[in-house]
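Note that chain A is present in both complexes that follow, paired respectively with chain B and with chain C.
Presenting the complex of A and B:
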């Protein structure tokens, strides 16, 4: 078998090849091959690409070289991790045999499987969890740099160029972290077990979606040192075409991440539609599953648009096309439209799974059935449907189409109706429950509070005349942090504590979870209420210094931000210490009724010895009064 | 699936929980409404145009319309928190009911949220309509606004090509701004007058306002436009008609001399 594999896997120079190629590829070979390939492409491009004529408006030879090198990195990394072995073998007509598939699934490899192209959904879930924590850590550090710089007026110690790069970097990686923070770790680890499946529908695509994210991250880090993403995360054109080489890192990052999201979306949707356990009708499918599917299904139409918008942006830079260049017949409005056609559904890509996760936890911690499952489903469906029709509320004051302001105001405000349904479901489930006070329980209340503020401020912003005042101010920044962080991240942190026992086999330290909960929630509200105040007083967003009148509000915000940081560090400590030496978790520590709690710790490779048959929904708590 | 319990259907409003919620609701709603409106309106500051005044009142109305909803959610949440709570590592016994839905509550919730949504929409449309008519005012002064990295320039085409980096406006006369940009996208924001419109390279966009207060106010750029975006701001002086005419002829003379 060994010799046959060596022949078919066709890597150069394998004289000493005792172990088959498939077993030798891991993150190290990926990094090495990615770097080598980037450098080789870079040198070749330097040598052979013709000089740009001096009349050229932008320095597009450098853009061509850096984009080509990034493509080189990408192809090298994905080859090095082993993403091509499967398709290559399949093309040769010698698809992987059973042993090789078991190897890919990570059988008997201990810790090493986390650094390989492993297909087991539980490994992928843990990988996603770790990379989410890393990205959140970096993004949080950048946020602290921003807040420290804004600690007092005029006293910015960060240069404007660096400051703008930090703002853009913080924005884009936090968006990515929040997009993957639920559907990545919990959508991959928990969801298949929850629906009673042995794995995802396409295990190799699962590994692919994760390693694409790993491949996407270095370009965005490198871009910081080549001029940075100085345009904010939205990278509006023509500002982006004017920006330095760092923008190419952004373009590569978004394109690779978009592929990852599309792959994950197709995979998760198929898994849920085709692989639910026998008897798990749609009425018996847990609400968390609806949240995950809505999230990834929304990403399916949204991210190809994002991908395309960045391809066009790259072409404007490298080939002097003029998709977004007015002088050449294009328009910056085209970019804005494409960006927000992705950008608004994307908000719900983040929010819906978070709310759905808390809905899943609510019956467990109130020991009563979920209130109005049907309204929950309808709310999720309603938000998803409307969210693709509201994008131009980001463009009320762009001048693009003033006549469309009223219809977009209508669709935007209509979203408050399905959103209200989700509130009713949560509040109805809390009503007359037997409250079990845990950090996830408290998170439900925190979400109601934060999401209420985020939602109501969203109504002001959806109103065209009020938006003419508020748009582009710190008010907007505060508003979307209330939704993405106050609601989104709150749900993700609760999910971490709730599913930690199943994912790691250990309980999350209770004290640490509570301490971090209070620090984060109090810090969060101080931070962003302060930010609302300066926004209302007229401070624009993304500024590196501000007028004296905004000093007090900014100081409050900065102090709040330090409190959040303290809370997040406590949480990080909680993750590390509980994972290493926490109390061993029983199989079902919360006495919950969904299927993931019926499998032992650690979860066996194929999850279930015999596949379960479902005869009721998972919310049969409470006893009837007799 | 079992519906609302029979006992619940009879006199649901007499239950202790419901009474508690009702009292909390009545107490919390005005507090939320008052605090939220006060905090907002104080932060915004005094309006310098009717447009801004209507934005302020609109936000006040929205806040008061939203506070019963926020108050109800808060009251329900607090009631549930004041019920039986359990701390410990093992689950408490199950709740003493298995309510899975309540058609009455759901229907009320849907109807009320739809009405509130329509209310917000109609109020917004009324103000929007008023604002957009002002662009058509024939008696208005026309000013061309040009954004470029990182300054604003104001041209007065009706006054012998006067150009200035500081905006001067006569009080109580409608102004229409024709806005464009030389390089990247900027956003022209006259803070205390509540108007904002993007400056796009290659296109001219319009917005209008009638300043109704003499004083010095702020113009800021509200769209990230590169290195010195934070410093792309200047003042707008709203002066009496006489002072405005004097300023214009002064500028015209200066520019003629140059």
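Presenting the complex of A and C:
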């Protein structure tokens, strides 16, 4: 293995044989420096922070120490991975030279580049794919613990407080995994090639957005051993202010993740706006690109609000401020507003790219143009626009501003219109198409089915009188799983199989993709239809035991969950075995017409020998027949 | 998608204006996130002030603690003025860069750096001298939140102004000055953000 760097030339002043700093930093230095920083800050805080007065209601000193240690971890980790080199070199007036940029791009470094602050978008895409799989695996394991406990009416084998922590942990981990599952792997690896660019607009920010997520994961994992996230993923205040030290891990996790999301949003949007190939007008830009941009553009203003809500939560815990504490003039409704101003757009941050990915695949596997490209764009824009006006439908029952219930009911129900447009586009594209039945094709049908159920049940929940009955029940849990998992994850799994050949150079094992598909989809519907039934019958969510009358529905749900688990394990086996020893993929196995299929496998460092000039749209599969 | 492959043949040497335009958009988009957060801070301030839950926006005196009074907003306006002067000095330097006047660029950047440090120090003195603590009710909480956000902005500004001045001094902007343009965008937003905070605190 060699590198491009001529060390004596690129690192003037370095002693002979001593590698420049930029080459010495990697995940090991990051972990070491992060851990050392956290321990040093912890010890200093223990020694120098004054004792909390006895009159204090909560654990302010411990919270201060815990939060400071997590900040120490974060700063140490980011320094250790090399994230600060660029800004400091800029300030010193010593910009990175060509060789150093090539080193950062991972040129000729083999597998080591995946463990460094590598800027090549393809490396970042693979890194995102792997971390998404890991997070989904952990979140899925927690889901199985929940369902196993609920397989029996008395629950019992998990302590109630531990059960609450598992539910909160599962919730936040899965939310984060589903947020990054499309825009992370495919938005990074595929999107720049799809628009005819050599890389992202800001390669270093791209690496930053990934390594921020890596830095965010340990705090949330550690939280499990310091009391857990016992509030559920929404971490409502003042409940969160009164929870154990584990909440600090949640706060750190969300704050770091929000920065990552903001950075990624700015980067992806700039790349698409400024770096599309010559001739790729907006009418010729693939629909997947619209989905990715809509997702990150929604996240860009939404996540800072979430970030702020957690900063204030941390201040309430560590400094006894009164943002959410009514005794000091704060308000729990303030938290709910801030949380859901992020929380509802976040649903579409997850959904839109998944649906857009399937809209991208539909023409490929039906050999027809996308049915009404403009309608698809309008649908995405309509959902994005309306999604910021619906947040208070989560708060009907909270008693906040009852006079606003009707307007929020209206805006929420209006969102069915642009959603219907996306359905129409997918159905119109499938209609009388010459179907090439692959796992991604079947996923389009699965999405239509699941999203239809998720959407229709959502209309009931947006209706104030119905919500008064259904709020806080398992019906709600089933509803959002139908949207986020039934629609969102289905699109992501189809994307994995569809773009696997380009990302790995190997075909995904066809048999395993089908076995996994059917197990997951059948298991999913069994699980959550069972959950709808017990929810309608009145079973509340977030309980570790329940009345005997709900036993049958819960048993069915648990059996469905085990089927999903089997399907996901088959998929994981498919990923590993296909990646290691799958059939080598041709350049364009699906005979698709977007630009990523015009580059060879493995994709060269700069993607294109010469940048392409686009002369038509990506859906020229012949004239559509009605 | 039909393509031709005889497009741009020299990918490694983009025109500085193209790179500058791309960077400018990226910074503006990151600022969108910061703007969303700053507006959320204002929302928090006016929401809690409007609600005045349990009459604890500005708590009255009790046996254990004295009454909390809102601080005069003069101090926060002074910080804003210092930030504004820094922005003006940076703009003066930018005009120098546009006119290829290196001395003016270095001078403007240097003065901007001094103002950013002055604003940061003044902000710190103001916060440390506040006659209440974080536990003194909703107004005090909001005060420290706004001051904290402004302090964070000022710390970033000092770093950026220092880098900008140093690079100007080293003559890096002789060929193109899009970095200086982008730093100007940051200065403008930072001043506006400080102004928003001062505006809110004037209505305590």
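Here are some notes:
Simple rule for what comes next: the second predicted complex is superposed on the first by the 604 of 626 C-alpha atoms of A that agree within 3 Å, B and C clash if a C-alpha of one lies under 4 Å from a C-alpha of the other, contacts with A are read in each partner's own complex, and residues count from 1 in each chain.
Just so it is clear, contacts are C-beta pairs under 8 Å (C-beta built on N, C-alpha and C of every residue); 3 or more make two chains touch, one makes a residue touch a chain.
Note that the structure is a prediction, hence the values are computed from the model and not measured.
The wider contact with chain A, measured as residues touched, comes from B rather than the other of chain B and chain C. Looking at the shared chain after the overlay, A:307 reaches chain C, while chain B stays out of its contact range. When the two structures are aligned on the shared chain, A:604 is found in touch with neither chain B nor chain C. In the superposed pair of complexes, A:326 makes contact with chain B and with chain C alike. When the two complexes are overlaid on their common chain A, residue A:615 makes contact with chain C while staying clear of chain B. After overlaying the two complexes on the shared chain, residue contacts for A:595 are found with chain C alone; chain B is out of touch. Contacts of A:239 after superposition: chain B is touched, whereas chain C is not reached. Of the two partner chains, neither chain B nor chain C is touched by A:407. Using the contact criterion defined above for the overlaid structures, shared-chain residue A:92 touches chain C, although it does not reach chain B.
Touched by chain B in one complex and by chain C in the other are residues 326-327, 331, 620 of chain A. The touching residues of chain B, counted against chain A in their complex, run 2, 5, 7, 17, 39-40, 43-45, 51-52, 54-55, 58-59, 62-63, 66, 69-70, 73, 76-77, 79-81, 83-102, 105-106, 109-110, 113-114, 116-117, 120-121, 123-125, 127-128, 131-132, 179, 183-185, 187, 189, 191-192, 194-198, 200-203, 205-207, 218, 220-231, 233.
Put simply, chain C touches chain A in their complex at residues 1-9, 11, 21-23, 25-26, 29-30, 32-37, 40-41, 44, 47-48, 51-57, 59, 134-135, 137-141, 144-145, 159, 162-163, 166-167, 169-170, 172. Taken together, the chain A residues at the contact with chain B in this complex read 160-161, 164, 230-232, 236, 238-239, 242, 326-327, 331-333, 366-375, 397-399, 402, 405-406, 409-410, 413-414, 416-417, 420-421, 423-424, 427-428, 430-437, 445, 448, 452, 456, 459-460, 462-466, 468-469, 471-473, 510, 532-534, 536-538, 540-547, 589-591, 619-625. Touching chain C in their complex are the following residues of chain A: 87, 90-93, 95, 196, 198, 201-202, 205, 262-263, 265-267, 269-270, 273-275, 277-278, 284, 286, 300-305, 307-308, 311-312, 315, 319-323, 326-331, 334, 337-338, 341, 593-595, 598, 606, 608-618, 620.
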